[in-house]
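Report on the following structure.
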């Protein structure tokens, strides 16, 4: 998603919100209207361009039927259609809320989240069934107990369900509250069930998320590890082992990775890109496959030089903890790092 | 549970809810009454048939004493008995809430949930005791501090407990609130304890659920793994290892598993059933024990053919992550897959 | 804790609660008073007996200074002292809430809980510091923003803290609510921080609890495993391995463990006590070190006999999942179980 | 952070709070004012001293730009500047809330917490995006549905967002509540989404925290383990293994570690410092590298002597569970401990 699109979304949604604030809109309605139309124009244009691209590539149906295609269409068409249908502008522009959905496909963690929801759908649905059963039974019970004394709040089962859902989610508005002793006992049980539902939900999501995070990190790191010659000598079992220990870091150009004098607790392998080491008197560049920062793990706690990326780079970070485990399990790697570290110390003196 | 039964439950409960909504019922009371009686008739019939079956098989007591038997009986008898006892129809039909319980035995995750509750009952009960102790002590303290200034809200210990339970579960209706300074300090402590109780509850359930999910998956997958000849050469230790990596997927007939051109990140083994591979110019069927989708894991990221089930099938999915671990630990399996993949590529060219 | 003591606690606390309910007490004040005095007499007697025992064993100081000693003393003395000091009976009897604390030392999970709180005290305190910092900063900010428009609710920082604690714990009474725009934005941030504090708290407790549960189970099971001759042949590393797989179950006498015809998914080892197998025509007793239920794990899914304990027994349960892992890692154990199962089948035929 | 500084922070913040409580301030305004000025003087002095130190060491910019430097400056300058700018004293002293931030750098767990937030920032941001999307969409929908019937509560989208944030965080003030049927259905969905957001947040933090706790403990323990000669004979792989089992405990001088007669379930290694064993008739001191408490793990359940630190010491605790695993995996260590234990028993007789 381009920065222009993000700016348009933020500006559009902000204007839409402002439109509903009586005094603010009265004071600046020319600006608000102009910006709203500008954002709408931007989204219509964006949709037109994307549609044309899709037609050009023969993927028009794939695009139109995708979530992204639907959001693009709704962003471009919803407001004009509503205006054309004679709905008042203040209501019509509210449909600009579709613009907000354009941000979603750009969020990386959402894919991971969706996988968790799909894989754990079984247990999550079970909890939902429990939730609904408790909800219905509590509503019927409270309706029976309270509808004579509080016809306003518990006059029908749907009205009692409004109370039940606010209670079972522990939201507790307090606009409708049981007042008979038995009704309150049932309400107390519902609240405690609410805690339980909460706990189950969290437990399932926590379990699923932990597994997914591990999996995602492994997948991203695996490709990079095999590109680093340093690990090439390892067999596939050891590479799988090493992959679990490394963390992929993507960095733009001209970013400081290590600052001189800071305490360090990890070393880095360059899986793609290039970094520049700012040694006293000279600058050294390290390319793909090189490693640096190992001295912090070999006893010298403070970083001895500034290191910056020179272009977009991908690094693999190895934590102190995992460094030690790695050295323990693969002593030959430890010796290689040790030898290189000594060579560098000599060279820099 | 048949689809008819589910429809009857949904229709019955919906009508029961509608019955309590004054204007809706007034507008369509003929329909509502007719549907309620129809649902009741359905459940009476269902119960009669099940009872007869149980008698026929000599398991009548087992059936009558089981949860399912109790729910069936209550669904069939509760409303008629209440009506016969002279209770007003609007109240009597509320007993139709029993119908909802018929859904529960059909939810697969509930068995898993029950096991968690049984196995973790010790810690869960401890948390309940803490909950109750805090509840009682807070109620007595607030009753002492507040009952003179707020006789309506804190006039007795049970009344104070109503406040305490709403506070300790962080529901917070706000209908009764302490107003003395000391009462508010105690209330603050109760709220923080509420967070703690919540945390413990969730922690216990999360731990238990994670273990149970692993166990359940292992059990379901173990049977299938031993049926796949591909894994037959492995010793029992390796099979236990492999079982942890696979995920069982049950599919109905004529379901698309792989779509051409999509990105793939897992391969499949057929433990039962049959799939059809839609290659250009011909259709190939793969039966029990075969595997497919391996090319996505061997470097070719996009699926090269549509694959659909031809009848009810059970597949074992192997994720990219686990595929690599498996290949690392059992290189011979990797070679088998590699050889088969090459053979297929040649054949398709 | 004896059953009499539990009954006295329940009866005493119930009477104390009843004492505060105007109409109920008016109707039955003779009974309530009599029962309260009876309970008090019981606790005084209990305390006297325990004190004498402790003096007899020379452990009087250890007893008096322990939590149990303090609770016993408070249970026996608090109410009489309050009455003697001229406090009105209705208030004095409220001190009977100390009786409730007598239940706590009997709850087994509490020791486990205390260990978690001690071991995780570092992170938990950090979260508390964050909680308090947010609480104070939000209170001061809201006091500044709101005290002119709402002198009743936000008239001082302590008053604002009452709002802040109800908001940060997501209780949300709604008795005091910010109304200025900036005040509401700060309140929204506080609510979201509340979610975060909740999450951290739960995360820490969940992590700690999982570790503690594993540890507790290991400790309880280790002793039993070494008593079972079946495992005696294993080296210490394998015993540690096996211990992780088994679950200790304590059963009273005459309890059914297995019911004929049920589906089974675990086998049992007897670490102490005795069970009776109800075979057709004869009864077989199995003593310490024997195992049973193994046929369910060797393919025959339904239990073939009723098995009951004859006296207080301790069993070690081995789940189907773990049985398979065990057999895979220690094939000799598998052969022993297999041989015994075959011998039994022959014998029973 | 010195104790004087902590006292000044507590005193200063307490006085600032007191300043806002009308009656308390009226009664003791001389004291409150005096203490406030004293605290301010303390913080100004502290800042001056630290600035001078930093200048002396040539690190003035590092100090000024750090969080600590900023807080020190704000603590010293905010109140005087506000007073000088003519703000009323009651408002100006509220800026003393900056003093509270001085406590934060001293809290050890915060560093750990920050790492979790940084490492898990991806998923946490995803959840935040979901949170905001639901928030905006719910606000717009409720504004549309409710603003005609409740112009006070839902008169603009920002007003509706106030309701939405209180609902989505399950705070539920209840000051603004939807009353149209459709509005309530949407509100129910928002509440259930609130549970989901909660669950995701907790799940992510729990996962991250568990990993961070393990890492932190490993790092702290690793240094100590290598200092204990007892473990020196182990190879690096075994040391990594052992490190995972030990727990570092820092103790001040003259602290009781073991009390005679208590039940024990762990043994200790001294990584630095010294302890004194109070045997009958003599006192034995154990120095760096020694171990004690092993008898509790070798069958003798009750501690046989009091053991106290003589100076600041660091111990490594080995739990019963891990002791057994360690002995199983490294039998030679077990023999060493056994031999030493026997020698001690003989010596003490």
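Per-chain residue numbering starts at 1, and chain names A, B, C and D are given in the order in which the chains are listed.
In the analysis below, contacts are C-beta pairs under 8 Å (C-beta built on N, C-alpha and C of every residue); 3 or more make two chains touch, one makes a residue touch a chain.
The shown structure was predicted, so the numbers you read here are calculated from the model rather than taken from an experiment.
Participant: Please compute the angle of the rotation superposing chain C on chain D (C-alpha atoms), rounded to a multiple of 5 degrees.
Facilitator: Going from chain C to chain D via C-alpha fit gives 90 degrees.
Participant: When chain B touches chain C, do the two copies use mostly the same residue numbers, with over half shared, or different ones?
Facilitator: different
Participant: Which chain pair is joined by more contacting C-beta pairs, A-D or A-C?
Facilitator: A-D
Participant: With chain centres taken as the means of their Cα atoms, state the distance from chain A to chain D in Å.
Facilitator: Going by mean C-alpha positions, chain A sits 26 Å from chain D.
Participant: Just give me the whole-number Å value for how far the CA centre of chain A lies from that of chain C.
Facilitator: Their C-alpha centroids are separated by 37 Å.
Participant: Using the touch rule from the top of the page, what residues of chain D touch 2 or more other chains?
Facilitator: Residues 158, 170-174, 198, 202-204, 206-207, 210 of chain D each touch two or more of the other chains.
Participant: Mind pulling up the chain D residues that touch chain C in the complex?
Facilitator: Per the touch definition, chain D meets chain C at residues 13, 16-17, 20-22, 91, 94, 97, 100-101, 103-104, 107-110, 112-113, 131, 158, 161-162, 165-166, 169-175, 197-198, 201-202, 204-210, 213, 265, 319-321, 324-325, 327-329, 331.
Participant: In their complex, what parts of chain A are in touch with chain B?
Facilitator: Listed in rising order, the residues of chain A that touch chain B are 122-123, 125-127, 129-130, 133, 136-137, 140, 143-144, 147, 155-158, 167, 170-174, 177, 181, 184, 188, 191-192, 194-196, 198-200, 202-204, 206-207, 210, 215, 218-219, 222, 235-240.
Participant: Chain A touches which residues of chain C in the complex?
Facilitator: Checking each residue of chain C against chain A gives 170-174, 202-203, 206.
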